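Labels A, B, C, D, E and F are assigned to the chains in the order they are written; within every chain, residues are numbered from 1.
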Amino acid sequence: MPENEGVRTDGRTPGQLRPVHIERGWSKHAEGSVLISFGDTKVFCTASVTEGVPRWRKGSGEGWVTAEYSMLPRSTNTRGDREAVRGKIGGRTHEISRLIGRSLRAVIDFKALGENTVVLDCDVLQADGGTRTAAITGAYVALADAISWAQSKKLVKHGRKPLTGTVSAVSVGIVGGVPLLDLCYEEDVTAETDMNVVCTGDGRFVEVQGTAEGEPFAREELNSLLDLAVTGCAELDAAQRAALATAL
Amino acid sequence: MPENEGVRTDGRTPGQLRPVHIERGWSKHAEGSVLISFGDTKVFCTASVTEGVPRWRKGSGEGWVTAEYSMLPRSTNTRGDREAVRGKIGGRTHEISRLIGRSLRAVIDFKALGENTVVLDCDVLQADGGTRTAAITGAYVALADAISWAQSKKLVKHGRKPLTGTVSAVSVGIVGGVPLLDLCYEEDVTAETDMNVVCTGDGRFVEVQGTAEGEPFAREELNSLLDLAVTGCAELDAAQRAALATAL
Amino acid sequence: MPENEGVRTDGRTPGQLRPVHIERGWSKHAEGSVLISFGDTKVFCTASVTEGVPRWRKGSGEGWVTAEYSMLPRSTNTRGDREAVRGKIGGRTHEISRLIGRSLRAVIDFKALGENTVVLDCDVLQADGGTRTAAITGAYVALADAISWAQSKKLVKHGRKPLTGTVSAVSVGIVGGVPLLDLCYEEDVTAETDMNVVCTGDGRFVEVQGTAEGEPFAREELNSLLDLAVTGCAELDAAQRAALATAL
Amino acid sequence: MPENEGVRTDGRTPGQLRPVHIERGWSKHAEGSVLISFGDTKVFCTASVTEGVPRWRKGSGEGWVTAEYSMLPRSTNTRGDREAVRGKIGGRTHEISRLIGRSLRAVIDFKALGENTVVLDCDVLQADGGTRTAAITGAYVALADAISWAQSKKLVKHGRKPLTGTVSAVSVGIVGGVPLLDLCYEEDVTAETDMNVVCTGDGRFVEVQGTAEGEPFAREELNSLLDLAVTGCAELDAAQRAALATAL
Amino acid sequence: MPENEGVRTDGRTPGQLRPVHIERGWSKHAEGSVLISFGDTKVFCTASVTEGVPRWRKGSGEGWVTAEYSMLPRSTNTRGDREAVRGKIGGRTHEISRLIGRSLRAVIDFKALGENTVVLDCDVLQADGGTRTAAITGAYVALADAISWAQSKKLVKHGRKPLTGTVSAVSVGIVGGVPLLDLCYEEDVTAETDMNVVCTGDGRFVEVQGTAEGEPFAREELNSLLDLAVTGCAELDAAQRAALATAL
Amino acid sequence: MPENEGVRTDGRTPGQLRPVHIERGWSKHAEGSVLISFGDTKVFCTASVTEGVPRWRKGSGEGWVTAEYSMLPRSTNTRGDREAVRGKIGGRTHEISRLIGRSLRAVIDFKALGENTVVLDCDVLQADGGTRTAAITGAYVALADAISWAQSKKLVKHGRKPLTGTVSAVSVGIVGGVPLLDLCYEEDVTAETDMNVVCTGDGRFVEVQGTAEGEPFAREELNSLLDLAVTGCAELDAAQRAALATAL
């Protein structure tokens, strides 16, 4: 692709994110809730706070944060079976739920949280690539609101700051030899290499998961993907801060 | 409640529906999709069309319509476990999925549909009473759009009309001795009698499910509940028609 | 059907029940047990009393009553798979178990029962239509015997009456345009409308579940079905009383 | 136990069976059906014939016979959970189902049966020890009736005899040092050694399953138990023949 | 087979065991561990000791011993599905796990063991007939080592001897009319009668499980199989003692 | 750790692998089989070849390679429940099985393999950190043997080379601020950052999965971990080649 190298099907440049929208307060029940969209990917994230922690953590004085991810059956182009109907959760769902939970725990001070549990539910309403990265980015905002709620309700002790930083995530990949930021579904299925990167607001890494879908990838390719991801996460971090700056 | 008998917590009169909103085209993937709200109850309904029918119906020349209902874990005031995580579907979910499927099949001519299947997915994003009736009412609109799509794609033979009528549903109940239309959650939990009624547009019944939650109910009470439900369904029928009258 | 309108395949008139037999004391182990038959439908009902209640009810001072319904694999004309072998309970089984439980709870004073639990097991040995209504009618008798047992064992406090009334159930339906009482299987599969009605002994309603299997049904049809059901339940109530009048 | 050695709680002598009753034709649907009782143990056995065989046997020209055993939840003194509700079949149930199937296959000529399948369902209505041996003994009679039915319907070719013999089963055990035939529950739980023996009508063995519940058992003990079992099975064989000698 | 009657495919005489190898200490984690082989059958047995007992045994002062058996998917000639992937344990696995547990409990004094639990895991790495008998024979050795460990750690009170004897197991069967000891897979599949016998070191029986795979078997055949099994178990007992005689 | 920075609990230098052993031909049944150890971590890998492919791939002319990973219950310091007994596979197991499958598919030419399936089973016999990387490294050798077998049996067409390269894997992590190669369990649980890297023999990447267990990690840390991993994989590649160079 000599001339218009990097011009993407939706007109973006290689290093450009899709439009990001973050709507807080989408649920009247949840302590934190966000509808986030990365282009046509829409994920509904709720944060549920309960007093107490799982049995294995009782008496530790420390809290817990966990996550569950799921796709609505028709969030995709072809309807998928419900996991509840199949009676078991698939490997991909497990993997992504675990990734989201780990990513958010990276910015939590469990001592400061005290023996409270926050469950993040990330349900994909519409999928167009990048559902796990949108889920992490949105779940962070829901989590921040839930923690503010817990502070206001005195579930968290005065002066304690359970959130130690911010976290966001983005996908990157190599398509037709070109490193691209924030792949849409069409790009994702043709990518030679696909990577999901989770960063804190200070540009350090929480997770780096790169997979060669076709050819193995070289160290330089990995480097250029990481460069893209770091800039993408910085933009998402700004979007999160902007969303949280307004009153609920 | 002598003086303001029938004045409800949200200010409605006994025979008044909550505000109803029907947004079509909420999914870019599904052949029909609707976000319906009855007050604070919000249900996302998608209709997925596939060629072919389940094995037991093959070669019959007839189509099939079925439904699956589910609540997101934090659609309720307290977070509920995911059925996929528990590994089985609860009795209530089964019951409501079956009710939605039967209700919509009541207005389908399977011969006219031909060997095509429509699956209605009704996922409750936020619950405040009446989720099953909102699901039926919204799913009808998604089904109507899906059938138009199937006609435009020639999956349904020219001139055939798979939809034989319209269908909507509403809850009624007796609270503090007063028959009320369209119960919100707060009313639902205190109702002595609770009834869900599914009507066709011509005012006939598809389903009548009445349950005494406390005292058994008398024939006259049943009659006044049915009267309320019939007027409520007529209003919902009008709302469905209005929604479908606009271009997608 | 002009001339012999209402003459049914088994010779009954439209408003006639099938022969009802109630045998108490069919199990040497259960606190209450009944083999009930509505014609060729035979259901074995046991009532099991245990001290204590489920966790969510502990300390409330109130008891609990619940039910489980199941069909033996060859209770039907064609053998069905065992739900234990399939590893999950089907929607219909769930729905009927819940219906039986709700119906019996309608005549229980939980405070008077105290923190005791009664489980009703209704296993269909032979099915010929109306299994859920026979189950409710038989389970009531087993429940009454179980409560007498609990009183005799002082599990229920002296002077307390946990049973607040009687309950029975019958199916009604419209077949060939004619409202019929207590449908056998052959009638059930051809019914345009099918309704199960649960009444207390004083003729009030505990559950009304009507379903249009083909055409939607009109208000007058609903009314004539309810009339039939009320007379049927009154006869069943008499049969229950007669059965309970004899010594065990 | 010096003086009245061998006088049992229910007055039987060590080598005496409990009263055996075999009622044929207990189901109007099944091709063969039997309600068998060994004292207070009651098992309902149905034999279901279907044309065709499981996939792995197709085209072999040979039939198949299999069995499923289950206990109703309140067949025992204390109510047990339903395996369908727990979502899995326990080891004991599996083991007994397999034993019943093997025992009946021992008297089947699969070539003569042709590509037909017989499923034996053995549901314990009331348990008082020896449920598996009563199940085998009753299932044989149901199987014999089902095969007669299949012959009458020409599912089995003219002149073919799928049944090659008869089969019955009995439990034996050592209680208080004394070998006993046909243990009731009370004896079973105190037995030092417990054995289930399945014999053909000519006195040969199909299955011998002996278990030391307490002390290991010596060769002479094993021998005296086998002696008892062989005489018990001969009596059961006679009871089966008597039951089958009458017209259905 | 007139002349070389009893000469087996692998050259053994009818009463000859395959080579038996018992390697102790195969795991650095387990309190007892053994890799046992009977010819090409290899089973890895670990014994895990934990303080405490299952809930139903708490406060009894008695310990518990249980076992789980499993085959690796490619331990057999054709790969089998993993039971974890199918989501349920098959009947054969259940049956064998229960047999191993019962066999080992036969030589345990639960009072002497105190409230400790030993779980025996028997995983078949390579199968060539006799996996359950190799598992029992190996598990005994792992159990003995685990109990020595528990004694050394003072989990078992000073002077107490939880092991009351030794136990081993072997298969026997009739192939081509000839009783054979320790069947390999090729012999097992063609055996007319198949028996698994579990003996204590003093030659008494813990379990005798004989099954006619084809023709029913006569009393004399049973006797000659038991004779073979008793001599086989005596040899296995010697092998176990030899293995345990060396330092770990 | 000023002076002996990098001296590890087992005496290794930071960039040193544990001793690696690869034994081929460990199963007489499987088409390829390997017992691999990385220090005390032992994984048994079998490769099973079957003709044909899963349904979704039929007629494509392309083969398939997949993997299943599991830990024996007592492969770890404390016994874990069997996933077959729990009735479902955990998230970690799913995740690792998928990783192994993807890693091996990276060096397969599916066209050259033709419509054949290879299943890699990786069962951990003893765990001491790095089980997934040992599994990938061993599975590659089993896969290579299985493909040689398929070529020798003409399942793969003459001249076709299904293997396009070699693949191995190693873990790296930061412990006490020092980047280490091939973490044992003790190091793994204290690592601040943990990364698994899968490389081809030419030093390119198939998978990079880095996780911050405590603090987020910086770009330079990531770089030094990747450096270590590349050298480790090169050594493992040499060990694989050496193992495959000998006759089976």
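Here, a residue touches a chain if its C-beta (ideal position, glycine included) is under 8 Å from a C-beta of that chain, and two chains touch if they have at least 3 such contacts.
Going by UniProt, the chains are A, B, C, D, E, F = Ribonuclease PH.
A quick note: this is a predicted structure, and the numbers were derived from the prediction, not measured.
Among the remaining chains, not one touches chain E and also chain F. The minimum number of touch steps separating chain A from chain F is 1. The greatest centre-to-centre distance from chain F, using averaged C-alpha positions, is reached by C.
Per-chain CA centroids place chain A at a distance of 51 Å from chain C.
If you average the Cα atoms of chain C and of chain F, the two centres end up 59 Å apart.
Chain centres here are Cα means. That of chain A falls 33 Å from that of chain B. Multi-chain contact residues of chain E (touching two or more other chains) are listed as 87-89.
Think of the chains as beads on a loop: from chain D toward chain E, the beads read D, E, F, A, B, C.
Chain contact summary for the complex, chain A toward chain F: residues 88-92, 94-95, 97-98, 102, 106, 165, 195, 199-200, 202, 204-212, 215-219, 222, 226, 230.
Of all residues in chain F, those touching chain E in their complex are 27-30, 33, 40, 44, 46, 48, 50, 68, 70, 72-77, 79, 82-85, 87-89, 93, 119, 121, 123, 125-128.
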